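Take a look at the structure below.
Naming follows writing order (A, B, C and D), and every chain is counted from residue 1.
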Amino acid sequence: MIKVQTEDFDIGALYQQIIASENNPLGYGAVITFVGKVRDFNQEQTVSALSLEHYPGMTEKVLNEISQQAMQRWPIAQPIIIHRVGDLQPGDQIVYIGVASAHRKAAFEACEFLIDYLKTKAPFWKKEKADDGYHWVDARESDQEAASKWATND
Amino acid sequence: MIKVQTEDFDIGALYQQIIASENNPLGYGAVITFVGKVRDFNQEQTVSALSLEHYPGMTEKVLNEISQQAMQRWPIAQPIIIHRVGDLQPGDQIVYIGVASAHRKAAFEACEFLIDYLKTKAPFWKKEKADDGYHWVDARESDQEAASKWATND
Amino acid sequence: MLSIVFFAQTREIIGQGEFSLPFKPEFSSLEAIRSHLASTNDKWDLALTREKLIIAVNQEMSPWDTEIKDGDEVAFFPPVTGG
Amino acid sequence: MLSIVFFAQTREIIGQGEFSLPFKPEFSSLEAIRSHLASTNDKWDLALTREKLIIAVNQEMSPWDTEIKDGDEVAFFPPVTGG
């Protein structure tokens, strides 16, 4: 399941959705979830608000693609990916990724792959309100490096 | 927080506990959770029930120790570790590990470290009911290998 | 007709999010489209500096040598920062 | 007095979970305790085969050369399988 939405999401309800996954609910022994939240600082500046813009249509397409890629690379159930857009506050949830698999190694890897790819390939942009006003967040070199470790030659 | 209990646990409530962590709730941008569940098969046998035994006292001691080790190695909040004991059914939750950090890499690594160490160092034993009766689960070589990758020289 | 779209800083500096551009044979090159737009004024020139500019053609991130045809959607934006 | 405890298969084959063993100087060696217990009968001998047997002294996994003193809790069990 892929969703781009302004509304918040409920961790407990999403967990129930993953484990109720139709193809093999009792075979999935490991469930990994990642939640990304708005921090109250970035690059040593205090952040008081955040605004998230995205490219409607392309965003869902990219998230579906990386979800398919993860399912081809690891024996996992259909992942759940939710990303919020619009105005957010420090402490708010931004992104949710849930992955279930028979074994934990596949689930950990697929979950990390999904967030690494989301961060570098999905068209979202963050604008932060800091002490000196609003400014767009710079892309991080470390995110590119994290994503590049999953590169394949095919 | 460390708990060994017969009762089930609530993923949504535990998530709220992690993010309400007192030392730096708004600084934690990444929350990773691992849930281990009883699978309906193991080593190609159908599993219809599971019974979990532990070493009271030592279990809590070991879980506290690995929790402290994780906090020394990664900049994370106090992890939440819950492990159930007693009689369980396929689909039941066995173990929960929740980790929050400013950045996702530390949270992923610490969470994987905790489950790898729990699986090889915490005194729990599983007995499965399969087609041919009850038998104790064998320790897996792959779990030892997973744990050994975190070894340090100190 | 080409559909030209901008996001984030690029959109803010340009001052609009999208518009239509009548297709011309020379626009089969992305660089030709970029430099045509950049020639509009100094702001657009700044917004469309090639360094760090990402292009998506029909909603797919694409290299500069991608061939463009009439009816395509061409997006210009800075490196993404979601998650 | 030593407190001797068993878990899982080891406990099941032995037939009991714990008992007290009066301390003797020779029991400062874990192997001496193990072979003393193993000599009880064939089942105990089987349960306490060194291969794959894990020992915890005072609730801490310990190597075979750990020195034991009066009052210690010594546990014998198979490799753990939680999680």
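Here, a contact is a pair of C-beta atoms (placed from the backbone, for glycine too) under 8 Å apart; a residue touches a chain by one contact, two chains touch by 3 or more.
Values in this document were obtained by computation on a predicted structure and should not be read as measured data.
Minimum number of contact steps separating chain B from chain D: 1. Taking the mean of the C-alpha atoms as each chain's centre, chain A and chain C sit 26 Å apart.
Distance between chain centres (mean CA atoms), chain A to chain B: 23 Å. Averaged C-alpha coordinates put the centre of chain B at 49 Å from the centre of chain C.
Residue positions of chain D with contacts to 2 or more other chains are absent.
For chain B, residues that reach two or more other chains under the stated contact definition are 36, 115.
Chains that are in contact with each other form these pairs: A-B, A-C, B-D. The residues of chain D lying in touch with chain B in their complex are 5, 7-9, 56, 59-61, 75, 77-83. If you check the complex, the residues on chain B that touch chain D are 36, 52-55, 57-58, 61, 83, 94-95, 115, 118-127, 136-140, 143. Residues 10-13, 15, 19, 25-41, 90-91, 102, 104-105, 108, 111-112, 115, 146 of chain A are the ones touching chain B in the complex.
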